[in-house]
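Lettered A, B, C, D, E and F in written order, each chain numbered from 1.
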Amino acid sequence: MRLTAPENLRFSQAKDFIVTYGGSEANVAVSLANYGVPTEFVTRLPNNEIARACVMALRSHHLSTEGIVYGGNRLGIYFLENGAVARSSSVVYDRADSSFSTLCPGMIDWKSLFADASWFHWSGIAASLTQSAADACREAIEVANEMGLTISCDLNYRRNLWKYGKSANEVMPELVKYSDVLFGSEGEYMNVLGINPVGFKAFDTSYDIDMKGFERVGREVQAMVPRCRKVFIELRNSINANHDLLGGILYSDGSVKQSRIYDVTHVVDKVGTGDAFVGGMIYGLIAYPQDDQIALDFALAASCLKTTIYGDFNLVTVEEVENLMKGDGSGRVSR
Amino acid sequence: MRLTAPENLRFSQAKDFIVTYGGSEANVAVSLANYGVPTEFVTRLPNNEIARACVMALRSHHLSTEGIVYGGNRLGIYFLENGAVARSSSVVYDRADSSFSTLCPGMIDWKSLFADASWFHWSGIAASLTQSAADACREAIEVANEMGLTISCDLNYRRNLWKYGKSANEVMPELVKYSDVLFGSEGEYMNVLGINPVGFKAFDTSYDIDMKGFERVGREVQAMVPRCRKVFIELRNSINANHDLLGGILYSDGSVKQSRIYDVTHVVDKVGTGDAFVGGMIYGLIAYPQDDQIALDFALAASCLKTTIYGDFNLVTVEEVENLMKGDGSGRVSR
Amino acid sequence: MRLTAPENLRFSQAKDFIVTYGGSEANVAVSLANYGVPTEFVTRLPNNEIARACVMALRSHHLSTEGIVYGGNRLGIYFLENGAVARSSSVVYDRADSSFSTLCPGMIDWKSLFADASWFHWSGIAASLTQSAADACREAIEVANEMGLTISCDLNYRRNLWKYGKSANEVMPELVKYSDVLFGSEGEYMNVLGINPVGFKAFDTSYDIDMKGFERVGREVQAMVPRCRKVFIELRNSINANHDLLGGILYSDGSVKQSRIYDVTHVVDKVGTGDAFVGGMIYGLIAYPQDDQIALDFALAASCLKTTIYGDFNLVTVEEVENLMKGDGSGRVSR
Amino acid sequence: MRLTAPENLRFSQAKDFIVTYGGSEANVAVSLANYGVPTEFVTRLPNNEIARACVMALRSHHLSTEGIVYGGNRLGIYFLENGAVARSSSVVYDRADSSFSTLCPGMIDWKSLFADASWFHWSGIAASLTQSAADACREAIEVANEMGLTISCDLNYRRNLWKYGKSANEVMPELVKYSDVLFGSEGEYMNVLGINPVGFKAFDTSYDIDMKGFERVGREVQAMVPRCRKVFIELRNSINANHDLLGGILYSDGSVKQSRIYDVTHVVDKVGTGDAFVGGMIYGLIAYPQDDQIALDFALAASCLKTTIYGDFNLVTVEEVENLMKGDGSGRVSR
Amino acid sequence: MRLTAPENLRFSQAKDFIVTYGGSEANVAVSLANYGVPTEFVTRLPNNEIARACVMALRSHHLSTEGIVYGGNRLGIYFLENGAVARSSSVVYDRADSSFSTLCPGMIDWKSLFADASWFHWSGIAASLTQSAADACREAIEVANEMGLTISCDLNYRRNLWKYGKSANEVMPELVKYSDVLFGSEGEYMNVLGINPVGFKAFDTSYDIDMKGFERVGREVQAMVPRCRKVFIELRNSINANHDLLGGILYSDGSVKQSRIYDVTHVVDKVGTGDAFVGGMIYGLIAYPQDDQIALDFALAASCLKTTIYGDFNLVTVEEVENLMKGDGSGRVSR
Amino acid sequence: MRLTAPENLRFSQAKDFIVTYGGSEANVAVSLANYGVPTEFVTRLPNNEIARACVMALRSHHLSTEGIVYGGNRLGIYFLENGAVARSSSVVYDRADSSFSTLCPGMIDWKSLFADASWFHWSGIAASLTQSAADACREAIEVANEMGLTISCDLNYRRNLWKYGKSANEVMPELVKYSDVLFGSEGEYMNVLGINPVGFKAFDTSYDIDMKGFERVGREVQAMVPRCRKVFIELRNSINANHDLLGGILYSDGSVKQSRIYDVTHVVDKVGTGDAFVGGMIYGLIAYPQDDQIALDFALAASCLKTTIYGDFNLVTVEEVENLMKGDGSGRVSR
């Protein structure tokens, strides 16, 4: 559950918090469901009315929620305060003792869930909370591997979440090695897999991105995770709290591709931009299996649209993303 | 009635719709009433409480509403979703079977209405809905012509509205020929009157607009509508959903004038910008009969201010428009 | 779509309308889905974003929406103004030319839809709008009959809706005759089937209801609809806009049963009370097949709870209804 | 301007104040305009944007506002906190130095205003603020008297407003003596005219009101104001902040009439109940000149409906009041 | 932190939650601060922005907050859904791992805090959460005892909170024995101290309360807690979620006193009614040390007013409570 | 009290006004309190509930409010309408007859208030309202001077407020001469002290500010106010209503320093930017007594953050300002 102070109010000014639901994996799942991909969202929720409201929200986005298991004490919360210009948005995590963080191996029947599935996506946040959640994560990955699913992972490194005594660097590589597809920023590849970053600071819409550097990063990642066919690197240049530049890189089998760069001058909601990229990319890989460049362009256009949508979820259709890919970003009223 | 999803929410996220009233002709009428011009707004509304709320809103803007006739099934609605950056605003029309679209000749007593009037303004939307509404439109124009009123027309071409079996090109020229004053974008002059457009794509605040081309357009329009003394061409360069550049061209008796260009970096509401231009222009022609350049500058400043005001109506005073014409666009707090 | 003026505001005072979704059949379906009964909701919607938002709302309530067909011009709307004390709530219907009212036989594939179904519920509103909608209704009933489904009908008589040239009395009896279960107020049995009403005016919580009279009504209904095993008669005594008394009668095979009477002193939302009764009753007939009295009590408790819930839908669980049946109506905070 | 804390919040809890406009005389004027009586509202307002917003609100209710004069420092404000049960609603007046309180004789051209008028209504609040406002009041009354208008006065005694050194008892009788019609509670007749009250404490819907006592009060008032043909006495029994009983008495030419008593169990807004009575009564006297009983019943039904409407203004139609007079107070949804 | 679904919405309908702060002890403290008693509120909060917003809210109510200590993971939350009529309000506790529940002895410097204090109040909730919080509670009580403070305790028994392996009956008597003043309902005296209840079910405004029974309860409590001079028993008859009857009993030194009974027909907020009683009572004991009856009446009037105020806190002044004690509960607008 | 029309609505569109509290001196005081400086806020307020709500708001920001005196008629109000792009924000002052404007010498016991104080800050607004307020101002300054406090003054010239017959130029120099620290824009130094301005029109982030000119201004100010050690000149380049550039100059003992320039592309709230500069500067002078450049940078960063915060008050911590000074203005989500 995300509780957001309205508009640009500081936490102390807010008299109400706007309730939405989200989280990295849910965001990716909603993206896929919106594009028409049958998607099952699996998590652990407490057995109370707040969790039931969350499930209703997920269902409205055409997700299947039958695989959710119930138990534990509480639904994890994060509080969000929207920044502006030089004042950053601020997140207060309130996930202590959440039902997800007390998930253990054996609680979820992955075999049944994966029976009709072809793709399994997870993110590093799942492994960052507690040892038992990381173990449950490993269990899911191993079952998915045995059953032959495509496995994708978003590294999703958040320094503040790794607090149970192990670092991302100790835990993640063992889990990541099963990945067919990997997502991350260059900083995440560094923090999670130890890859030396390219080290660029900023770019603009005309910037000549260091493609050689990213090719080197891709090569090193693939060396560490030989199974991985696609290494995606997300680029974000945060001009200020209202203004982002978005780009993306795909390394695949020795070659590196670059997306168009989007100039988002009036951001509505930054949260979930990366997840929208991941959701768009997975869709793109499925929908345009022969053309990585189109898939990458789809993912970038999707994440660009996400920045204009309130909440964590990227509520757009394939048609809307494709219109933007074709260049209609003029923002004229469509009537 | 306009039902707008709050802030930047998508339709599916909105838990309430903000109610305002508008429509091309009403917007022009409210502009004029706000500038102190005695204005009568004529339409057909259903005989129910929703329509009565609409009339109250119109009256609050100093319009006279005595000429409205009542009957038919419903008030036309349009739903508006505000876009952002690369996501366009989106309109869902819900005008099927509206009281206006079932307006027929004979329902409105134009002779009485025009008894004290000197100017009649209509727009192409009125003729686009149904054959009977187009006929009623013709009736009004012919009476206005007989009684010697100045007649102005905003071409207002919306492809999606022409659905009763005739095209704008078939219907409009016969109606437009009575116009003393014409408004449109170059695309509208093409679609409605078949004028070859100048074909410019974009401009910025320093852009050298193709005045020769617009002179040619003006000349061709006047050739088709010999009665027309003023041909206005609205220019809008939509950078994205939050950012517009606005300009305007006036062709009159062989010469072409150009307005200052306004750079609207943080649009509040795009809807009604063109109507605000029309309202400002009609006021300008009345208030500054000797100086078309001032009239044109007034219209542009008025439409620039409209983009900063929520809803369809341009709620500004003559003083505010004139302050902007004089150059005070700094946005300092006035206290 | 229901558009409600906030709180107790009159239409003309409302600056926004609260958006919810509802309608007699949808309300019954949501009730059943909330009680855990797998429920498919079938209707016709336009192919636009507003309808998609409606489907998302339905899905969040655990309905299956795969059977919905798309086409036509618009989603039917009704505007609701909440009354208070001696000022009635007021509804403005805006259903002209809705996609449902232009539904025709052949548009919905009832055979597939009914393949796994055991019960079909419809209401008189479906037959009241247009001839073609009534024909589609007949089509559905006949297919349901052939395939051996239990059929229930809520008479749902609204004088203002029968406007296509036939009266309820002409159209409905032919459709109602397939019903296994019937719902209505005594006024509806009179208007739709011509049954002479009992004619009681009001009752209070201690009132001695005329059971003989209602037995006679039940007997006459069954005589007209021999297939019908259960005749339900809803009782509502509207003290004022904030205060209702609710009761219910069941005639079945010669005997008549009466529910407890609920005194609702602070109504939150009157709309959907009858639908909540129907939904509760169908659930009760399924869940307590041996005990009509319990089923009737469940239905009344369900409709009592509905009056406390905003919107058309009765968002309660079986557990909550059963708690009220057991007598816990004290309203103490449950913590 | 009325600034109300939302719902039942205390002033210190409110993060916004709801803006409506009102005031005793404006409330009466809006009532009459809503009933279709051509009504001019005269006051003095400052020359600023806040006052212009106020005028727009008045105009939306079909009032004529041409007679308003502009000048002075500010628009009078009152802050309202809604009570509940045993906690009273609370008003904080903020009228110091308002444009109305600095109104002087000569500022308003009563002769022109009264040229087409047949009735002039004023209230004791106008005379309570300052000497100059009282003088302007006298000026208006005298002109109205000379020009032969019917004059009505609502005594409207508020102890806290008489602060300029004179008591109501000193100022009002001289002004009241021109009245054809008088309104007040028995307390107001005592405080303003010195009439000995009947002294009843409370009544209920079956109460046998002391008609003899009220006849005596009426007789004494008429003795003091011989010109007065109708003496209205408003009765209100405030059970608690949510629950009122309303009644009314009319003394006329020696006889006394009593209205039905309304039991308002869920008050929405108490403010303006008396003004709604006055507005209804003036309309009743005009519309049913031969039948004081109907006029009185109309006024009571009107004030009963006012208690269900947010804000100062009684936003009801003649048809709605007449429906309630005929007894339809059941609050069933009208659809 | 309390997160309340707006108006009467169910959790799943709420798009935002209204943020207020509260909790049994804080509510008592705010009551006292509002009455002008210098009050220090002591608790443990996490070191984040959400807690700082909470402290700002407390400070606005004139509490001193210097004694608060910082640490631990999170601020305890409870979610509140407002019921209506037969649907109870519903609380979902979300206190797992809150900073208060991980409070340990030694964290708070009670000696300094009590240096200038004369009264210490605590409630059973503090002892119900964890063993360490109960130990911290004991520590505070013992220091308060040593330093000669008056000690009061509200038993505040919530079955769902006692989950750390001990029952209230095992833990509380040892802590309660230091109390000079005790608060509870008869159910709480039974559950916490094992006192046989009087067993009354309901009462109305004319009810003849079983004073003998309550005298017996008081005597038995005093026998168990010899130091206790005042035993207060709160009475609440919950007619439905909108309607409460409130009363109170005081046993002191062998005699028993009864308060007036308040009939709250339109409850605004039930939460905190008991705390408002406690706050009013402590104030009463301080302000009217010679007259227990007045003190008791003050406490009841205070708790009656609380039911009309949104949120946990009783935002009333001494003057307002005294006005109600004197009988002005008519709810007339005070202006 | 500030009453703001929501979002970008014009006054006439607003159905509610958002209530916040502010004013030049209060804004400075809140800044200091937020930075942890013990701060007493002194003013005069009426003795009513609105003023009590104001005091609660001030207290929540950790101000001490014991020095406030009560009396007079009303709390001063200003109405604020937020502009956009070329439409300026607009303020309607409603301060006539406010309790502060009727403050007289002798009403406040400055000696006691200053007993533990080391710094006294006042602004020119205090002297602009009435003669008596200016006299009270002088009284405070003289006592502060006698007691050896550091005195700072923000010239705060508002042409519209000087209406009691004297100009700022006549009154202020005599008061300003006691200042150790002075704040103003170059226009204010001209209007209040008669200093010839530098006369720059605009600047951008790369602009080479005329430091020689500002050095001259500083020298002339110090010549007029020899006691003054620090002359601060605020620079604001208002590109449009949403876009400001902010800078600042410090003249001290012959040398002139310049701050970084902040480019605020999406202003949230312009009001209070100058006060945030003053508050930041006073804090900076106290916290970094040896390094004026750091103090100046702190003040600019503080005022830059203010533009992103709703309301008059600058709700930021020292840590947040210092983070911005160190260059983190990227607006990335901090989690």
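Everything that follows uses one rule, which is that contacts are C-beta pairs under 8 Å (C-beta built on N, C-alpha and C of every residue); 3 or more make two chains touch, one makes a residue touch a chain.
What you see is a predicted model, and the numbers here were worked out from it, not measured in a lab.
Enquirer: Using direct touches as single steps, what is the fewest number of steps from chain C over to chain F?
Expert: 2
Enquirer: Name the chain whose C-alpha centroid is most distant from the C-alpha centroid of chain A.
Expert: Chain centre farthest from chain A's centre: D.
Enquirer: Name whichever of B-C, C-D or D-F reuses the D-E interface, so over half of the contact pairs are the same residue numbers.
Expert: Comparing each option in B-C, C-D or D-F with D-E, the repeat is C-D.
Enquirer: By CA centroid distance, what chain is farthest from chain B?
Expert: Chain centre farthest from chain B's centre: E.
Enquirer: Give a one-word verdict, same or different, on whether chain C and chain D use largely identical residue numbers at their interface, taking over half shared as same.
Expert: Both copies touch with mostly different residues.
Enquirer: From the C-alpha centre of chain B to that of chain F, how far is it in Å?
Expert: Averaging C-alpha atoms per chain gives centres 44 Å apart.
Enquirer: Which residues belonging to chain B are in contact with no fewer than two other chains?
Expert: Counting only residues that touch two or more other chains, chain B contributes 10, 12, 15, 56, 60, 90, 266.
Enquirer: Chain pairs that touch, all of them, please.
Expert: A-B, A-C, A-E, A-F, B-C, B-D, B-F, C-D, C-E, D-E, D-F, E-F
Enquirer: Mind listing the chain C positions that touch chain A in their complex?
Expert: Residue list for chain C touching chain A: 56-57, 59-62.
Enquirer: In the complex, go through chain B and note every residue touching chain A.
Expert: By the definition above, chain B touches chain A via 7-10, 12-13, 78, 83-91, 93, 158, 160, 238-243, 266, 270-271.
Enquirer: Inside the complex, what are the residues of chain C that reach chain E?
Expert: Chain C reaches chain E through residues 60, 262, 264-268, 301, 304-305, 307-311, 315-316, 320, 324, 328-335.
Enquirer: Mind listing the chain C positions that touch chain B in their complex?
Expert: Residue list for chain C touching chain B: 3, 6, 10-12, 14-19, 48-50, 52-53, 56, 73-75, 77, 79, 81, 90, 92, 94, 96-97.
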